[in-house]
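Pasting in a structure now, in structure tokens, and then I'll have a few things to ask.
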Amino acid sequence: MLHIVNKSPFDKNSLESCLSCASDGSAVLLYEDGVYGAIKGSTYAEKLQSAMSNITVYALEPDVKARGIADKVIDGIKLVDYTGFVELTADNEVVNSWL
Amino acid sequence: MKYTIQINEGPYTHQASDSAYNFTKAVLEKGYEVFRVFFYHDGVNNATRLTTPPQDDRNVVNRWSELAAAHDLDLVVCVAAAQRRGIADAEESQRNGKDADNLAPGFRISGLGQLIEGGIISDRLVVFGD
Amino acid sequence: MSSVIKQFLYVNRKAPYGTVYALESLEVVLIGAAFEQDVRLMFMDDGVFQITKGQETTDIGMKNFSPTFGALGDYDVKYMYVCKQSLEERGLTVDDLMDLKWEDEDDDWAEKDSIILVDRAEIKSLMTDADVVLSF
Amino acid sequence: MKYTIQINEGPYTHQASDSAYNFTKAVLEKGYEVFRVFFYHDGVNNATRLTTPPQDDRNVVNRWSELAAAHDLDLVVCVAAAQRRGIADAEESQRNGKDADNLAPGFRISGLGQLIEGGIISDRLVVFGD
Amino acid sequence: MLHIVNKSPFDKNSLESCLSCASDGSAVLLYEDGVYGAIKGSTYAEKLQSAMSNITVYALEPDVKARGIADKVIDGIKLVDYTGFVELTADNEVVNSWL
Amino acid sequence: MSSVIKQFLYVNRKAPYGTVYALESLEVVLIGAAFEQDVRLMFMDDGVFQITKGQETTDIGMKNFSPTFGALGDYDVKYMYVCKQSLEERGLTVDDLMDLKWEDEDDDWAEKDSIILVDRAEIKSLMTDADVVLSF
């Protein structure tokens, strides 16, 4: 299953809630303001990094670049473009939006 | 691979319509099929032809109309959500006793069943919203 | 198309009245009921506030749509999963929720509870089992 | 006591317009003055006369028009925000080469300076939004 | 100063942020989904109750009643109607919306 | 009206691009600058992301409006207070922000920093000092 998260974890509980419901082996894509969750050294980073032992985390590069945080992304988070976003939705049978 | 894409927010205020547009384009470029794009909640506000954004900004509405024309997309606006928010085609406008309509080219107004049908017939339903 | 039966999971995470998502989500569920799919509703995070009892909206001038949840059983919407942890965090128990029922025609029309409390592990399974997830 | 009230969200989707309406009525009932109600961001969507809500629901747009008529309120819609979202009076519509307009009675379209002026002239500015 | 908060503290950081910026003696009004912050026994209640030693907290009764939580409001939170809301804005020179 | 000078505090708490509030707030500041009021901007919570450097929006098809903050000095908007704690929580330092300046005509047009880091105590004073608070 692919979970997609478009909210900043500093502002809303969406990512927190998503991580608590994501089964082992599932994928999480951060996009729009959700990419702020990918910043290393933030108060949220440790929580995401610990989740990354069971799930794979992606971030949408166009949104990362728009927000000026391209050089701050946590190691191990995979950057994808819109084509990669589509491939993730094709590779996973269900897409769950955390709005 | 067949997609239905749901858009829950209007143009400019939230990035949802932009993200959905870029996603839809990428789906088409991959050679996958877009069965339907369904506009719900404030998403219906993407379908007004009265929009006039600043010259140096993207035109969110026209982009959808043009993509629909180029790829024969089915852009469906939920009628109940549209009535609450003042989006109407000529027929809806007349039926509700209004003196004007504002639906942009390439969009059509229909019921929520079109969303459910999209969920049943498509391989993937992807929701963009707030 | 009638031969395809998919499992639809409606995930409700938003409070009512502050925004329209809860109401318009319910409208999707009602329309969707006519398609004879396998429908499940989940209430988690602030979504659990959608089904609290005793809602009185007269003084805010908005329509109280919470009674409609009580009618979902008649539309063959039987399963409403409610996140236990979300209730606890909000100082709520199942007694604060409406008493939602459905009638089981295979059991002499016995009234059965629609609300099923679930923990995060069960939520994971429910999400994994679904064919289509509609989130509001 | 003189008030300017700012509304940042459209009808139905967020409670902001409802809260602002109930607040404005209470201001008037207290005998205070409402200098201006300013509609910004998606708030401009409160000003379309094409809205047709369900019979058993409130009509958010008409309520504002009626309150304005009863109390001679100045309901100002931000022109820049309105252009992005497809809200136009006859003049704006013509200027932008559109074939229809949708502004409801009692509203007028003007610039952001009207909000700043409200902030300067009023004793209180109260913002309703999301 | 009057701070007005319309977001659920379980969903957004608005109330948290507001409380950290509200000077002693200021007033905080919870309205719309903000009234969920007024529920006793929640994971947020203790934080709000501790802030109430320095600030006065109000909740808009019409919104409290709409949400079915009228019998759950933390002791010491004052319920007001829209007229009371207006009076609070008149009694305080500046109104700050935490959106 | 020209004799009244009020202190306007613009409180920016929202990130750019995900929503339009940051951009349309900036439009208010630009128009407001013509009214010769005492204007201060505050960036806190996700609002600090509005002024990060290196924003490149080409791939999302939206306009990069961050350079406009650099022009605010010319509109006599000199004071941009940034919440220290909000930066730290987000893994940012002042070096991640744009280098925003204004020219002091009383000091031989010397370039001065617009950004002033503040803690929560200073934010409390700034809010208390304001005559009008516009929050976006």
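Brief remarks on what is shown
Going in written order, the chains are labelled A, B, C, D, E and F, and every chain counts its residues from 1.
We adopt the following convention: a contact is a pair of C-beta atoms (placed from the backbone, for glycine too) under 8 Å apart; a residue touches a chain by one contact, two chains touch by 3 or more.
Quick caveat, the model's predicted, so the values are computed rather than measured.
Graph distance from chain A to chain C, where chains that touch are one step apart, equals 1.
Contacts with chain B and chain E are shared by A, C, D, F. The chain with its C-alpha centre at the largest distance from the centre of chain C is F. The most distant chain from chain D, with centres taken as the mean of CA atoms, is A. The chain pair with more C-beta contacts between its two chains, of E-F and A-B, is A-B.
Note on chain placement: the centre of chain D and the centre of chain E lie 26 Å apart, centres being C-alpha means. Chain D and chain F have Cα centroids lying 27 Å from one another. Annotation: 43 Å between the Cα-based centres of chain C and chain F.
Residue numbers of chain C whose C-beta contacts span two or more other chains: 14, 17-20, 45, 60, 62, 132-133, 135.
For chain E, residues that reach two or more other chains under the stated contact definition are 6, 10-11, 13, 32-33, 62, 81, 95, 97, 99. Residues of chain B found to touch two or more other chains are 8, 12-13, 15, 19, 22, 41, 57, 80, 84, 125, 127, 129-130. Listed by label, the pairs of touching chains are A-B, A-C, A-E, A-F, B-C, B-D, B-F, C-D, C-E, D-E, D-F, E-F.
Residues 1, 4, 6, 8, 20-21, 24, 27-28, 31-32, 34-35, 37, 132-135 of chain F touch chain D in their complex. Those residues of chain B that touch chain C in the shared complex are 6, 8, 40-41, 80-81, 84, 111-113, 115-117, 119-121, 125, 127, 129.
The part of chain D that touches chain B in the complex is made up of residues 10-13, 41-42, 45, 48-54, 57, 61, 80, 83-88, 93, 96, 98, 100-102.
Every residue of chain E that touches chain C in the complex is listed here, in rising order: 6-8, 10-11, 32-33, 36, 39-43, 45, 61-63, 65-72, 81.
Residues 1, 13, 17, 20-23, 93-99 of chain E touch chain F in their complex.
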